[in-house]
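Input: structures, listed below.
Below are two complexes that have chain A in common, paired first with chain B and then with chain C.
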Partner chain A sequence: MTRRAAHQAQARRKALRIGAGSTIAVFAAVVVFVPMAPGWPAVQRSFFNAEVLQRTFPGLLDAFVLDVMIFAWSAPAIAILGLLVAIARDLRSPAFFPIRLLATVYTDVFRGLPVILVIYLIGFGIPGLGLPRPWNSPYIWGSLALVLVYSAYVAEVIRSGIDSIHRSQRAAALSLGLGHGDTMRFVILPQALRNVLPANMNLVVALQKDVALLSFVGPVEIFRQAGVYKSLYANFTPYVGAALIFLIITIPATRYADYLLQKQRQRQG
Partner chain B sequence: MLRLEAVNKSFGANKVLDGIDLEVAKGEMVCLIGASGSGKSTLLRCVNLLEPIDDGTIWFDGQDIADPDLDPQPIRQRIGIVFQSFNLFPHMTAMENVMLAPRRIKRLSRASLHASISTLFDRFGLSDRMGHYPDQLSGGQQQRVAIIRALAMQPEIMLFDEITSALDPELVAEVLDVLRALHSEGMTMIMATHEIGFARELSDRICFLDGGRILEQGPPSKVIDDPQEARTRAFLSRVF
Partner chain C sequence: MNTLLTSAVALLIATTTAQAGGHGCAAGKTLTDGTLTIATGNPAYYPWVMNDAPESKEGFEAAVAYAVANEMGFDDDAVTWVRTSFDEAIQPGAKNFDVNMQQYSITPEREMMVDFSLPYYTSAMAVLTTGKVISAGAEPTLESLRGLLWGAAATTTAVPMLAEIAPNRDPMLYNDNTDVTAAIAANQIDAALFDLPTALFLSAVMVEDGALLGQFPADRSEAPDQFGMLMEEGNPLRDCVNAAITSLTDSGALAEIEATWLQSATGVPVIE
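What follows is the complex of A and B.
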């Protein structure tokens, strides 16, 4: 081991000791002092009730499958629509002006509205037209609302990625005789998408959570199921259970997004 | 084979090319020299149709390629250009950089291209670098890959825009060697350069650009060794 490496190892051990020590102290304080609060027994009974958790957890997991499914079909739709809108906003020829305008208005409108409002308008509004089954399903229209909102965000992220590619790359591709389509597909987009991968990962995490908003228009997914259990047991613990289930998914995804971002920073020096 | 007639180009109020007349014969090597901002890059970009010109005609092989109604793509395929900053595609290996245009445009398969492109890499001393990414190559190697990439489309004329000015001095020679080889094979070339010594050695004709005009042109023995214009003399005394 070199002298420098030895020094660094020692510094790391010291940092670890301090970090571990202070963490343990804080947690010990929480564990010791919070139960001393006058309202704690009541809170414990209604939020951290082990028996209720045990009874409702399997049902919550079942309901969570629906969240996962809604996510699983919305995410690819968002990726495709977001990409198309981003490309549409980048079309230069005057003939495409209407498409460009449409894409711009679309991103402005859906980025400008609260997600929950769009879910209400589309999730209640369209089935309200009296469509026949299965077209009156809140799954479809609720998911569509999510897709519309998130595609607008994804489109904006991708567009910023496209803008970040220096125009000399485009010039180099065009100078070889490649068309605008090939230039976009083989030269600009691969670089742009890689640059914005971390930003898009953050949107993926946000989408995982916002799936729960669909509960307001009908689907019995985990959040709504937790509400059902809450009424049944007159206890809030099912919500805590639902929160745990979300965190099991979203924390690793968030860490992964951070990791990608960090890796990219390193690459760009 | 290439003839520019009264070509004008402005960026806003800034007149960058001001009545350029220039004729380049097949197999000829023409060097553009002149101060920074005199319009050398713009001239080359206009010939490659990367910039539209405002006025004038560019004849290429009997066709007016400055016609705004013309589809620039097939023309660009026949005119190669290499930039000062290489502009390789960083997400592709050297080989993929070179293959992209022939594959997409000429619809040739990787397998059928591999032999001919490997030969090009070979000739320019890069046969062991085909699988490397641009950031794993030195500047001189990157610039040679950029030249190979342009040559792979088998252009009829090559444009070089100060292709050695971003290179460390010891890497300049390897790139200039490539140009010597191309010249001896009869490639038609226009080159913007600050390498006056190289321009004198190799070019058939030198054009001195000043404020968007070709102030003086002729063989190196005239323009460099016996310039007629005071501004040419002033420029040369500054760069030598």
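What follows is the complex of A and C.
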């Protein structure tokens, strides 16, 4: 072992010791000191009540199926609409100016509004116009509100991906005889979408949580079901149960997004 | 002479202070000595509190609050109002109220986390719907009710009761009464379950073409909906509050307040 290697090994051991030490210290502080707080028994009874969790968890899982379903039909719609809007904003021909304007206004408006406000306005407002059943269903209009807001975000992300492709590629494609549509389809978009995949994965994670907002206009999904249990038992533990169920889904998705980001960084060197 | 007057005034002040702070039972048991802090909703709804102003003593719960406070020995001036949400009322830790009054139904499950006073009102549950739904053939029978599309406010005891009705389609749940009425207006639900006074108010004022299809009688054998004042668990004030409510019930004062502020609902058909 060279002196340099010995020094590096020693530095690594030191880093490991410090890391382990500080980790143990932080955990010990949480596990030992938090329960020493005078209000801990009350907090434990209200938020970490094993009996309440046991009684409500199956109901929460049942309600979570609805969240998964809302996600399943919203996500593809968001991907399609987001892509269309991004392409619309990139149209170069002067004849398309109205479409470009519309797409710009759309992204500005829906990125600027709180999701919950849009869900209220569209979820109660449009059915209030007098649509017959089943076309006034809160599932339809609540989902549409989610799709509109998230598509605006996705469109902006994709547009940034399109902008990240150097102009010379467009010029090169045109000089090879490709039209504007083919240039976009075969040259720009494949690279652009790949570049923004990590950013879009973040939006996927965010959407997984925001589907719960649909409960404001009626559907009884997990967040609402937890609220019902909270009210019945005068206890917040069902919210903690719902949080656990969300984490089981969102943590792997978040890790995957990180992994993609890292892979992209390696690829770009 | 001057000294005598001063000491007389001092004595008088001392006596009144002693009176304000020392009414037997409740002495030293309230948040602030000498005042009773009562919480209501934000906003507080008609007919429980009129015009969202409990200090006016107008509305059923506002009137009951002052009656109970007086019975416990607090003057009207010694009553302070604060506002809380449902969640603030049940969160662990120090509370900012002595008692909380916003149509809390007493249930054994809630009783495990917080304390309730004796009931000050027993409510029938009523079915709020629209004239359109009734003319489409809805009737006050369980059979007919099961076929309707239901809604309710999520934090109310209407939710477990809906589960008992067992409607054919899953009910929709909303944050508050306003959202439920919005859903009725948008024709997203046929009917909603409320306590009778709230249902009467909503059908008369908030819902266009609103109507009451029927009521589940207040004295139904299993799980009647009784409103109690909510207190922090183990609050020593509870016995005083209970004594006040008992004496108001026995003297008939409570029934009188009920007759003043809550409409009688004899015209609403009873659902068997």
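The definition used in the following text is that the second predicted complex is superposed on the first by the 249 of 269 C-alpha atoms of A that agree within 3 Å, B and C clash if a C-alpha of one lies under 4 Å from a C-alpha of the other, contacts with A are read in each partner's own complex, and residues count from 1 in each chain.
In this text, a residue touches a chain if its C-beta (ideal position, glycine included) is under 8 Å from a C-beta of that chain, and two chains touch if they have at least 3 such contacts.
Given the structure is predicted, the values throughout are model-derived calculations rather than measurements.
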{"item": "Residue contacts on chain A - larger count, chain B or chain C", "value": "C"}
{"item": "First (chain B), second (chain C), both or neither touched by A:S93", "value": "neither"}
{"item": "Partner chain(s) touched by A:N235 [first = chain B, second = chain C, both, neither]", "value": "second"}
{"item": "Contacts of A:N136 with chain B and chain C, given as first, second, both or neither", "value": "second"}
{"item": "Touching partner for A:V187 - first (chain B), second (chain C), both, neither", "value": "first"}
{"item": "Partner chain(s) touched by A:T2 [first = chain B, second = chain C, both, neither]", "value": "neither"}
{"item": "Shared chain A surface residues [contacts with chain B and with chain C]", "value": "none"}
{"item": "Chain A-touching residues of chain C, taken from the complex the two chains share", "value": "86-87, 90-93, 107, 109-110, 112-114, 151, 154-157, 159-160, 170-175, 179, 182-183, 185-189"}
{"item": "Chain A to chain B touching residues, read off their complex", "value": "168-169, 171-179, 182, 186-187, 190-191, 194"}
{"item": "Complex contact set, residues of chain A against chain C", "value": "39, 42-43, 45-47, 124, 127-128, 130-133, 136-138, 215-220, 224, 227-228, 230-236"}
{"item": "Residues of chain B touching chain A in the complex", "value": "45, 48, 50, 72-74, 76-78, 80-81, 83, 85, 87-91, 100-101, 104-105, 149-150, 153"}
